[in-house]
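Lettered A, B, C, D, E and F in written order, each chain numbered from 1.
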């Protein structure tokens, strides 16, 4: 079947008539859009706005400080590679590791079990970040550690829930978004229901898409189609991977291990019920309780406009620090750190402000 | 005053008339004799026999095994550099260290206190070897650790007493020794009394000498003089350093911390009351008790004639393994390991069997 | 947000553990989040966990979307 | 058996600790085994401990030994 | 430099490496005794020299080991400057506790590669450091060879209009190492570690040969960014033309890596006058190691100057930047 | 080799080092592509090259630092083979966490020594390894220079009857390091670390100049034992003639070390025809670094062959052997 990216792009040019602003919520979408140069093939009527869907970017400074403080206290701290370079006042996991502290890269949450066995006489802490796609792995780790009676393992649960953030943006009168490209993998877990508020409450198209360039273009095309036809809906164009009901086992595990809590999103502020904390039966695995950590939400670095970038109010080249004081080597804000942070992606891939 | 080594040597040639066999007990004497080439300036009537006065050489294989076993069990083991290369079946401190275990060189016993502070969560064990000159430092370490209430420090006390070994050799009918050059520094601690048995019981000259070539030659000259004049005596030619009563504070400390015990001398066997064990009030610092170690006296390696070398019955070139299977790089017996071991000294410095 | 890569199940290693391949890469994954995983299944893996099974693409939905878009663009149906 | 090196006391650092020099080497030593060590004293040091004080060589004993030996060799006294 | 603590990012071959190197060379530069930043130095008398330290972990990897790597790495730095691999020096720093047989086995690999290349070991050095003072071993190689071309191959020779080539599929060394390090076996994946002299020397007669560089740390992407920055020209690449093997692509998908930045050890980038591009490709493809050689882009005076851009598979365009900092596996 | 685990003894420059090196070179030797065991290799075209790894701890010591040491060590290996120090390569392996300013300060020392010597940094390399994978840093230097004499200076040129000289008092580098390592300050003790080319180059015209070697690891004793072994001649030394400074002697007394085996970094042993010995001494002493230069012995065909003996201060005689294994402080 002749669906390839260039032909979708061509089609999109034909159907897009009214100017639209569409937000891609997910950082993986952001990066795929930049790396494939999608912006350069879109019709001028279609404006893409990058959203807060990079777990690195939205992890609050206070949360990073908490992880570093545990390193300082002698714990082994395990984290996904994505988190290593994120700076806060006290440094980063990478800079702590370079001073000989035990920050370890893991590629899966379950690797933390072996670390806890290897360092049986030390505290091993997992820095749990990410959205609903990632949180089930942490939940499974905690459940398994509980089953095995492992005593030296705990978790800093800084996981975040996507729907509250998306609703905040949908409701923002300044943004005037025309629709949302929704994160395919979050929806693999959550299903369709948590995003139905988009068409039902705000009259906005919500399209769940995969991450290949052609899948993204197809998702965008469907948002345009919904607008052109005046029929906003929630739809998945990600094939059979996303089921309407999501992944029941994953949802059950999240329900078993976590409860909602108010959580600070870096650059955005506290969003009610947008975080996941360990429930009472698992509180012995809660590193915040175990080490008596009280999170202090960080203040954004002076001059950094991450909050506006993360909510799509400005694009990075509009930040005065972009490419001058703020580069991937010495990032001012977290959006510049991550490979999928909006500022980082603009810096690396965007020709617009250079030619 | 015109006393220098060449003139003493010349004098010695004049006064030495009857053939004599003199044993230098101390390994430091042995090395000084070899390094200064004293043998090559002695009259043919004077034969020097090297004795068992190298603490490395006489430390039993079972004692080394005990230290290595504590390394294997995760302890930090501190020892004087002299002990690092001494092999036993399980390797050596150096080979254990090369596998990442924590064997540390100290240049003074008190350095072990700082190690115990640095590694406060680990067991730190001092390998206490040496004769009466060295044992007071270990005693002071134990006394100080007790005073400070240090709980992670203990001592393998393999110290040895010189007089019982010297008496064993003086009494040996096979040896036919004509006199003893006694160890100056041991006598700094012990004084004259513990060696009075030499003239009084065995009719043998005992001369306490320093370690410079001229001091050694002077000591030998006095042994010859005593023989020539038929007046065996105990005499110090080491100036005021050696007092008749020894060092009372050091002797007091030895008395306070140690008690005599039977001990195996490598290559020689067990000599009654020739070892120093920690007394009851200090037994919590006794690594043997603390870690439940029972020493198994080692069997000498096949073919090694260390026992005969150490008791002056043969010289190293008479051992069939000397310079062939046994070299300082792969020593068969301990006499080849130490810089002051008799076989090692012959190997390094002796021209006699090479030209 | 969440990199996820399709893997093919090669071997079940025990409860909740399977050997899988992603292209030429062989790796051990967790299957806690799925029921009845069997060798041959294609699953989407994120952070070491299979998060969903992928069925052989049913093109009907995609075909109808494509048709809708082409209609909107005023292009004739190609099939 | 026991290397020991003469050191000169430079400074008393506290009970049983002193700064000493052996030739050009400066080092901290323990004086537990001696009474009344004062700066200027020469002591014999083994394994970090001063084991004895050395007095300025009293040459009498050595001189008499020397004389005995020369007499035995049949040499005339030189002094 | 803002951050005065050396981090792994400084070792990853990208932008940070360049900044550290520039700080370290400052003392030499201000005395006018500093080096150019080319693979090998051209010395009076027609010789070229180079040196490189090798610290790969694991020391034995699919497709090679640290001994073979050392010889290839050094010889390739000579080869890309048109010098034959004639003499080698090897300096070893060994951790006590290492098996001397293991160390000797790497010397066997090195010797065998040298022998194939006609290279002689002229000098050596061995140091042993205490357990913990080095992780197993470090090999530093220096190589020395006669320059076999009258032209000076260097970045300064790159011109507007030049064609860019790559000699083989990219990223195989980095992928082999990542596979071992992250315990992700990849079927059929071997490091590309190999000497380039046999494939590159037949190109030396081409009038249009401008510059060659072996893509090591930092990969093809870093080499091209360095060239663009140094020449002030614009480099445009064609994503679909860059050869990436199935194995490398699979591993990159799983770990979230970009093949453009994965290390190579038997792959070079070439800038060639357009008139000689076809002939260069033909010659390269005669070497079994360069069957996948390809034209991947061209040099122009377009904007943005001093930068690299890439035409993507969907017909879009984007920039290619140097990697920033250490490359870490991602889940996002 | 009986012991197949590398130990610090293998790094101490004595007998064990020689055995390890021989095992490591075996693969090259059996292919006839192995090096001679001289300080620097003589290459066709009148050039010499050498390389050495430096891992000194502490990195800054009385009288120098690892950067200065690297340049001196490499340049001295050239100098003793009659080659001028023309070009240098420096390869750095840095531990993450190191201060880049600290590393740059060693490069400043290196650059300043290079500038004094007229040496150019031709090539460099920087690698960064994870915290714990190296103890701070390792520098490997390679040096390259034109041979400035028509004679080949090497061990094979040593003849019966030759006079042995040493250019300065021995053991100062090793003593300075030991002083820092064992926390034993020694008043007025500085490492002898210095470039020898200015002092040695005026000797090159002497017909009777046979062989020179810088006494590094293993000290003067090891150099002479190696010469004796390689030539099969007998070397006899005069203990009283060997210059040992008060500071070095003091430290050796306290730690139980032998100055003969203490490392030097600005001191060479020379074998010279007897007819030129006085002139060599006179020339050496004109250099401020060689005021203590001395005739220390001679080469003969006496027994035991291939060995070194020493006439002691008391008029006795004994052998001098290579050090065996690591040199450790002694209490006995």
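In this text, contacts are C-beta pairs under 8 Å (C-beta built on N, C-alpha and C of every residue); 3 or more make two chains touch, one makes a residue touch a chain.
Just so we're on the same page, UniProt names per chain: A, B = Hydrogenase expression/formation protein HypD; C, D = Hydrogenase expression/formation protein HypC; E, F = Hydrogenase maturation carbamoyl dehydratase HypE.
These numbers were taken from a predicted model, which means no experiment stands behind them.
By C-beta contact pairs, the most connected chain pair is E-F. Each chain's centre was taken as the mean of its CA atoms, and the one lying most distant from chain E is D. Averaged Cα coordinates give chain A a centre that lies 71 Å from the centre of chain B. With centres set at the average Cα position, the gap from chain B to chain C is 76 Å.
Rounded to whole angstrom, the centroid-to-centroid distance between chain A and chain F, based on C-alpha atoms, equals 59 Å.
Contacts with at least two other chains are made by residues 1-3, 46-47 of chain D.
Residue positions of chain A with contacts to 2 or more other chains are 27-28, 54-55, 80, 98-99, 107, 130, 134, 340.
Counting partners per residue, chain F has 3, 5-9, 96-97, 130, 132, 256, 330-332 as the residues that reach two or more other chains. Shown here, the protein chains touch in an arrangement that is not a line, ring, star or fully connected set.
Checking each pair of chains for touch leaves A-C, A-E, A-F, B-D, B-E, B-F, C-E, D-F, E-F. Residues of chain F touching chain B in their complex: 2-3, 5-9, 15-16, 19, 182, 255-256, 302-304, 307, 309-319, 321, 324-326, 328-332.
Considering their complex, residues 1, 3-12, 17, 20-21, 23-28, 30-31, 33-35, 40-41, 43, 45-47, 49-55, 57, 86-87, 89-101, 103-104, 107-108, 110-112, 114-115, 119-130, 132-135, 138, 140, 142, 144, 146 of chain F touch chain E. Note for the complex: chain F touches chain A at residues 96-97, 130-132.
Partner chain E is touched in their complex by these residues of chain A: 5-6, 9, 27-28, 34-41, 54-56, 80-82, 84-85, 94-95, 98-99, 105, 107, 130, 134, 213-214, 217, 327-330, 338-340, 347-351, 354-355. Interface residues of chain D facing chain B in the complex, by the touch rule stated above, are 1-4, 29-30, 32-35, 44, 46-49, 51-52, 54-55, 57-59, 61-63, 65-66, 68-70, 72-75, 78-79.
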